[in-house]
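Following this message is one structure expressed as structure tokens.
Should a chain be cited, it is by its letter among A, B and C, assigned in written order, with residues numbered from 1 in that chain.
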Amino acid sequence: MFRRLDEAGKKVRFTYDDQDIEAIENENLAAALLIAGKTSLRVNPVSKQPRAPYCMMGACFECLVEIDGISRQACMVQVSEGLVVNSILDIGGNEDV
Amino acid sequence: MSDENQKTYDIIVVGAGPAGMSAATAAAEVGASVLLLDEQPSPGGQIYRGILSAPEARAKILGSSYTEGLAITKAFSQSSVTYQPLATVWQFDESGSLIYSVEGEVTQAKGSHILLATGALERPVPIPGWTLPGVMTAGAAQILLKSSGVVPDNAVLAGSGPLLYLLATQLIRAGSPPKALVETQTFKDALAAMRFFPLRFSAWKMLAKGFLMMREIKKAGIPRYKAAKGFRAEGSKQVEALSFDHKEERLRLECETLLLHQGVVPNTQITRSLRVQHRWNKRQACFHPFTNGVGLTTNSNYSIIGDGRAIAGAQVAVLEGRSAGSFVAASLGFNVDPADVFKQQKIIKKERAVRSFLDRLYQPPKEILTPANGATVCRCEEVTAGKIREYATIGCLGPNQTKAFGRSGMGPCQGRYCGLTVTEILAEENKSSQQETGAYRIRSPIKPVTLSEIAQCSED
Amino acid sequence: MESEYAIVGGGIVGLSLAYGLLDLGKRVIIFDEGDLAFRASRGNFGLVWVQGKGLKQPAYARWSRGSAALWGDYAAELEEATGQSLALQQDGGYGYHLTDEALEQEIKDYTWLKEQLGGNYPFEALRPNELRREEPNVGTDIAGAVYHPEDGHVNSLRLFQALASEVRRKGARFVPKVTVTNVVQQPDGFQLTYGKSNHHLSQKVILSAGLGAMTLGPLLGFKAPIRPQRGQVMITEKLPKLMNRPSDTLRQVDEGGVQIGASAEEVGLDDRETPGALAKLAKDAIRVYPALANVKTVRSWSALRIMSPDGLPIYQESLTCPGAFLVTCHSGITLSAAHARLLPQWMEGQANAPDLTPFSEDRFDV
């Protein structure tokens, strides 16, 4: 489990898969999701196994989420009021999942 | 492409860590026009992440190795450097122009010289189970703490390297002490490292610092398991425990967060894409771009400085940055005092001297460099070490053929976290050197970008 | 005699030939270069493709169709041997056209070809509405497509892997990481010089060395009038199913990524990627599939096609050095089945061998 050392800063709300989450403005999105207890953010498209932030510096691409129809690294996004974030689970390629 | 289309600068610096900030500031001070591009929202790089906005309490927890970056970051912020945060540079041209995106908007820029200060990556730690949620790098935990004031409870820290001890002390101070340190380092490593110990003041200072960290960890009652091996992250949907061999016993430590570390290695994605020469460094077990004293690569339009050139830490990165920034500015005709550059070069040599000692002391064990067959090597495409070995038996000679044989390195991370392991395994299997085995060929986009961003570079 | 066939070049063409020769019980040795050689095999588009082939030379259309027809059985055999699916799909493919003029011209060309082939050439022109019934995600800003029912695609990486492992299992010898620098005919066969002056003697020799044939070919009396042509391609992140069938510029591979290709540039031996060419590919791709605009490109790459003056393959036995064969083409995947199943018979001079005179070097005046 992860926790914040302090709650200073302006509170904002964003959604992750339609769930309302409170965070601090400009907070790292991957950090905010970990704090909210989202331990896994996606499944690996090959093995279909759950994956979660690994490097937190934009290198491993394990924290990919969908924002405005584009896959983004959650660790490279800052939270803002009303941000709509969705998980990318629907990847099957041409195999029927 | 935006109106800034084809903007030109004397120097473009990529990366706002200690090396990049120092280089940019030094060059701007003597009058060069400098653009600094960085991926993060604020300057500092990974080591000084969030340094301009970290609350006092957080800075205190992080300690002097963090707060000592404040001076150069402030100097950089006050300099005349054009600073572009949130910029993903995804194409480098051999002639010195590059393409970057900021929030989907594409710009092309050209520099009379480009200074790469893109830093390091954590060395891949391909133990069985390292892809499970809850397994992260030690660096990732530090970034969470620096940028967001977020800490894990009861984490297990495992691997080798000074960062593990630093992180442990920071977590202790944050009131969230780790559950245990599980270290691969052996007594033999310590003995072997002794012959590299330089009898210099800076080295003793470093030892003293290390000693203080150990004392803090001991005082907090954190158990340390040394000479551990046979790491396995256990769990099905989430890490549940780290198991390992210790003194002829199999131990199992339950945890929800497992933080791995085996040192850091230069991030060579950009220099590889430029097809400049690289050299295998045996002691650091990684590739270094081949450079001269001030970081010039085998492409005269590009230099590389800081940990991206060779791992030497933040203090050396600052000196390298200043030295290279001044040198490049001088080569472009700006008035620079050469005595400064010589002085910095001299200090760099001294500071680097402790590196051999640290490299040997925290040398990654063989089970990390060439993992057992069951371990996943390519996280994106789920290719195991066993598969890579199998490809070698059917004629796979180098990393680029591995792609054709089994897709390793073809996922979104573009080989960042499997490249070194693939090179090591193929070198071992084909009884060839790592240098001869080579590395993935890297092509643009250096980072995945949308097709509409790529389409913005259309010539018609 | 050390071997019956020495194959110079271990790409898709060389491996396909080796596979077929091993089936005939021949002793085969394969010489191959290292990890960073110019490997056209690595730049392939994975198509098993008939459309567009032979628009000026009907024999090439026949040859490509013949290979496409052999592919099902060929893939099944490799799949059974290796236990790995090759994801072969052969239920047709498209040639997309952005403008009406381009589409009309294409229809005219195929109508001509059909006449040349005595009416035996199936194709269909699909207007936007008909096309969208088949491919709902196609954009509105295109003129339509030519549909050819015999077109298809395959997982070319797994094809490569299957051939590499089968050829070894069937007993071929491999000499990797070497360049063959000389081949000389001697009374008892061909002597190949490779690496640091090593030698190998073989009854027959096949040049399937891609661009390497430019230098080795003349030594054996071939004209080998080939040149490199750069092709750049991209692949996206893995996506949910977006396309049902492949086209010659866009296909969704079985793992989910969309492959986008390909440029055709005359730039010599330069296999670097360039932003301008990739931008054009991206622009056209978005026009055909607008949903691709927001999709991330994970990789681009570029490779050198081996082009003959008329774009057709060259199959030639040397007139001055009988027993030496030149095999070169830029459709190594499509023709893999024909190369494995039909060329060995030709090399062995068997009665059931195909007539390959349209592909001989006689057609070039050099």
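Here is the rule we use: a residue touches a chain if its C-beta (ideal position, glycine included) is under 8 Å from a C-beta of that chain, and two chains touch if they have at least 3 such contacts.
If you're wondering where the values come from, they're calculated on a predicted model, not measured in any experiment.
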Chain pair with the higher count of C-beta pairs in contact (B-C, A-C): B-C
Farthest chain (mean CA position) relative to chain B: C
Inter-centroid spacing, chain B versus chain A (mean Cα positions, whole Å): 23
Rounded Å distance between chain A and chain C, as computed from the means of their C-alpha atoms: 42
Length of the line joining the C-alpha centres of chain B and chain C, rounded to whole Å: 40
Shared-contact residues (touching 2 or more other chains) in chain C: 237, 255, 294, 296
Chain B: positions in contact with at least two other chains: 411-412, 448, 450
Interface hub residues of chain A, defined as touching at least two other chains: 46, 70-71
Complex contacts: residues of chain A adjacent to chain B: 1-6, 8, 24, 26-28, 31-32, 34-35, 39-40, 44, 46-47, 49-62, 64, 70-71, 75-76, 78
Of chain C, residues touching chain A in the complex: 87, 237-241, 252-257, 294, 296
Chain C-facing residues of chain B, complex: 91, 93, 99, 275, 391, 394-395, 397-401, 403-407, 410-412, 414, 437-438, 441, 443-445, 448-452, 454-460
Chain A to chain C touching residues, read off their complex: 45-46, 68-71, 90-95
Complex contact set, residues of chain C against chain B: 10, 32, 34-36, 41-42, 157, 160-161, 164-165, 168, 174, 176-177, 234-237, 255, 260, 272-273, 275-276, 278-283, 285-286, 292-302
